[in-house]
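Labels for the chains are A, B, C and D, by order of writing; each one numbers its residues from 1.
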Amino acid sequence: MCRFLAYRGEPIFLDELVCAPAHSLVHQSLHATEAKTETNGDGFGIGWYGERKEPGIYREVRPAWSDENLRSLCEQVRSGLFFAHVRASTGTSTTRANCHPFSHGRYLFMHNGQIGGYARIKRKIEAMIPDELYDRRQGTTDSEAIFLVALAKGLADEPVTAMARTLKQIRGLMEEAGIEEALRFTAAFTDGENLWAYRWACDAKPPTLYFREEKGNLLVVSEPIDDKTKGWREVPKGCSLVARAGGNVAVHCLNEAMAQLAA
Amino acid sequence: MCRFLAYRGEPIFLDELVCAPAHSLVHQSLHATEAKTETNGDGFGIGWYGERKEPGIYREVRPAWSDENLRSLCEQVRSGLFFAHVRASTGTSTTRANCHPFSHGRYLFMHNGQIGGYARIKRKIEAMIPDELYDRRQGTTDSEAIFLVALAKGLADEPVTAMARTLKQIRGLMEEAGIEEALRFTAAFTDGENLWAYRWACDAKPPTLYFREEKGNLLVVSEPIDDKTKGWREVPKGCSLVARAGGNVAVHCLNEAMAQLAA
Amino acid sequence: MCRFLAYRGEPIFLDELVCAPAHSLVHQSLHATEAKTETNGDGFGIGWYGERKEPGIYREVRPAWSDENLRSLCEQVRSGLFFAHVRASTGTSTTRANCHPFSHGRYLFMHNGQIGGYARIKRKIEAMIPDELYDRRQGTTDSEAIFLVALAKGLADEPVTAMARTLKQIRGLMEEAGIEEALRFTAAFTDGENLWAYRWACDAKPPTLYFREEKGNLLVVSEPIDDKTKGWREVPKGCSLVARAGGNVAVHCLNEAMAQLAA
Amino acid sequence: MCRFLAYRGEPIFLDELVCAPAHSLVHQSLHATEAKTETNGDGFGIGWYGERKEPGIYREVRPAWSDENLRSLCEQVRSGLFFAHVRASTGTSTTRANCHPFSHGRYLFMHNGQIGGYARIKRKIEAMIPDELYDRRQGTTDSEAIFLVALAKGLADEPVTAMARTLKQIRGLMEEAGIEEALRFTAAFTDGENLWAYRWACDAKPPTLYFREEKGNLLVVSEPIDDKTKGWREVPKGCSLVARAGGNVAVHCLNEAMAQLAA
C-alpha cells in the first residue's frame, strides 16, 4: 500500500503540497494514517508538467523523508499539474524503475493497491501488453503492467472505459487461476491536461481516495494532507473521478462501466 | 534513536539474530517497540570478525528491511562476534560513512543516542580528536566523533574509564555552551575479543539496553528480539557491561567512574 | 561488454583476485584492456560458496572501483568457488537485479555479451521460460533471460548441450525477426562444485575468454588479471570449458554440440 | 580531476549543454579528453537558478552517464544561470555531500583540482572556517572546505581578492607542513547573477579552463563540449574570469592579486 497525491490547478511550487503540510506526502512516507502500512519507505517519485509536452520524472529508491534532492526540486519546480508517490512495496524490488509515477509519452500513471496472486498470473497479464508497449516496460511491478495494459486498451482516449476493461480482464485472469486474494486498485492518470482517478476493488475494500476543489484547483490524495475537516470529499468506492481541463469535477461509476462491458 | 545488537559466543550465522527472530533487528528497522522513533530507516550496518584481525563491514544507506545484500550476507557469514545497527538519523545525512558500526583497526563501535546541541559544539568535540585519528574521520556524525575521542582517551586499554572521561568532557563542553538538550548514550564497543556496552545519560533517560547470557553466549540489544520474558536483563542506567573473553559478564558503575574522575 | 572472473580451487580470500592484482577486476571496472568498452561502471556483483549449499550474493549499482563494501567483503570472505563481474550496460537500466552473477538455488551464472536486437524479441525469449522460473525473474536483462531459458533446457544436468540448445533457439528467433546484429556470448556457470565457461558468437567475434590452471586451482577470466605471459590460455572461439570437481579441465566444441542438435 | 561547466545567458534547457553536445558533460563523465582521469564517475551534480533566489541542487553518487533522473531534469529545467559537475574523487568518499556544486544561501561553487597532502592539513584548513559556516559543512572534501574558507574571507563581496587570500593562506599551510604535492585549483563561483571562474596552481599545471561568448551568452568549461575550433578561448594560467551581469567578460590576474596581498 502506497500513498499518493495529484494536483491540477494554477501553477504552484511542488513543496507546497509535497513537503510543507503537516501531513504532507513526505510526512506520510514515514507516518501514513489511513494506510495498511504506516511506513512508505520503498522509494518514491514525482512527475510534473512544465514547458514541454512530456512530463519530468524524478524517482529514487531511498525513502522520501531523507532525500535532499526531492526537497530541493520541490522548492524549485512550479507546475500546474503534478503527481507525487511514496511507495510501500508489495513484493517487487526497490528500484527506480519500480517507483511511481510511470510515464509514457505525455502520460503519467500512479497506483496504490495490488493484484492479488500477481506472481501466478504475471506472464498472462504481460501477454496483454502489445509488443511496442512491452518494449517500454522498464520494471517488474504489477502497477506498471496495469498501466501498459490499460494504454493498449485505449486509456488515452477513453480513460474510464479502458480502465474498466483492464480491471475486468485482470479480474477474469485471477478467477481463472483460482486466486483468492483481492484485486484492489486506487490510481491516478493524466495526459498533461485532464486528470482521472480511480477507486475500485473486487471486494468492499478499495484503498481510500479523497479530493478537494478550491477556486478551480483540484487535489486528489490517498489521505488528507492537512486537517480532515477542511473540505475533503471521499471518492466513493467503485467510482472514478474525471477532471477535464476547464470543466467541473465529475464522479463516474466504474462498476457500472464494468457491468456494461459484460453485457 | 537507533536500534542495535551485539553478539559474542560460539560462531553462528548472522541471520539467526539479525533477520530471523520475530522482533529481529531487520524487523526493528521498520517497527521498533521501545524506541522514540519507530522507524529506523536511515541506513544500517553490520560489522563482524572472521578469519582476520580486522572486522568486515557492510554499511548501506537503504533501509535494512529491503536490502537483499544484507539478507544474503547474513545467511552466509558465520561469526563469534558481531555488531548490527539500524539507524534513525538525528540530523546528519544518510551516507554510508554516517552508518554504524564504525571501525578503527580491529575495533568496532556503535551508538544509539545523541549529543544535544551537537551543531553548536561540533568543532570543539572534533578538536578533542588528535590529528592521526582525525584523518580517519570519514563521516560527520556525533557518534563517530565520540568514538574517535574515546580512542584518543584510551578506549582500547581502559574501555570503561576512557568512556567515562569522554562523556564527562563532552558534558562539560555542553554545559559551557549553555546547551539544555541532554547527552544520551547507549553504545557497544569491542576489540574483537572482549565486549563492552554502555548505558548513560545526563538526565534520567538513557536509551534502553538489555542483555541475555545462555551457555556462554552473550547477546546485547537495544530491545529484546524475541519474547521479553525469555531471560532478558536490563543494563541498569548509568552502568556499563563488561564481557571479557572467557570471563563472566560484569556490570560496572559508569557514574562512579565519572565521579572518580572528578575527584 | 562486461568483464568477469571465476575461480575454483583451494579456498582463498576474494581480494587476492578481485582487488589486489595489477589488473584486478576492480581495476578493470575503470580500465579494461580487451573490452569494447573500457569502463565497466554500471554496477557489479560477486557470488561465492561458503558453508551453505546456496551461494552468497552481493550486487550493487555503484562502480566497483569506489565501493567500500566490496573491498571489505573481499578481504573477509574466503571461498573455494566464486564469481565476480563488473558491468557495462548494453541498454537495460542500472539496478541490482540487472547485475551479475544471477543465482537460482545453488546455481550461479554470469555473462558478457549481448543478444543483438533484444528489444525486438524480448517477449519471445521470455516465452521460452516456464512459469515457475519466470516468476523468479527479478530484472530485465537479456543475460538473466538466457540463464532462465538455459535452466529450463537442462542447464543443471547437461551444461554444454543445454546451452547449445539455448543459443541455437535464440539465434533462430533472431533470424526469424530479421535481426542483423550479432549474438555474442561469453559466460560462466556453476552448480557450486563444477564449473563451465562458454565462448561463442554467431559471427567470428565472441568476447575474449582466458583460463589458467596452477596446482589444481582454476581461474577463468575475460582478460588476464596480471602479466599476460603468465600461463594464460585462450578458450578457443566456439568452445566451452568444462572443469568438473576432481577432474582436469577439458575444452568441448560448442559449435559441434549445436550442429548435432540440428541433425 | 573533475569536469565542469557553467552557463550564464538567456535561459536555455540544461540538456542543450549538459546532455546533448557530442562532448557534453554527461559524455565527459565517461570519456574526458583533457583530464588526468578519463572517467569522472564518482558522482555528479547540477545547480541552477529558477524563480527563487536560492538555487536548486541535484547531486547523486551514481555516474552521470546512467542517471535517468539527470536526463529528465535537464530536459525540463530551463535556466539562465547554471552549474554542472562530474566528479573523479581524489580520495574522499562518494557521497552526495561530497559532490559539487556546493551551495550556501544564494551562492554556488564548484571545483576541479586538489589540495596536495590535504589529509595532513585538513584540520588546519577547517580551523579557518568560522563556527557559523563550519556548522554548514555537510561533507568531507577539500573543495567544500575551500568554499567555506573563501566565504569567510569575503567571497561574496570580493570574489577575486577573497579567493586570492584563500589560496595564499592554504598554500602557506602546505609549505609549513612541508607538503610537496601541488595546490591546483580551477573553479567557478556565482551569486545567482554574476559569474567568476579561476585557474591557478602553485606549479605551472593548473587544470584547463575555457570559455566562449556568443550573443551575450557565456559558457565556461573544463574542456570544450564541441568542436575545439568553435570560438573557445583558454583562461590563462594564474587568471580569473569575471563576468558581471550586463557587462563584458574580463580576465583578471589572480597571481597579481596574490602578490599584492603579500605586500
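Please note the rule applied: a contact is a pair of C-beta atoms (placed from the backbone, for glycine too) under 8 Å apart; a residue touches a chain by one contact, two chains touch by 3 or more.
This one's a predicted model, so the numbers in the text were calculated from it and none came from an experiment.
Here the repeat of B-C among B-D, C-D or A-D is A-D, since over half of its contact pairs match by residue number. Although chain B and chain D carry the same sequence, what matters here is overlap: shared residue numbers make up over half of all numbers found at their interface. Mean C-alpha position of chain A lies 39 Å from that of chain C.
Multi-chain contact residues of chain D (touching two or more other chains) are listed as 68, 93, 96. Across the complex, chain D is touched by residues 48, 50-52, 54, 56-60, 68-69, 72-73, 75-78, 96 of chain A. Within the complex formed with chain A, the residues of chain C that make contact are 93, 95-97, 119-120, 122-123, 126, 131, 134-135, 137-140.
Contacts from chain C toward chain D in the complex involve residues 30, 38-39, 41-42, 61-63, 65-66, 68, 89, 93-94.
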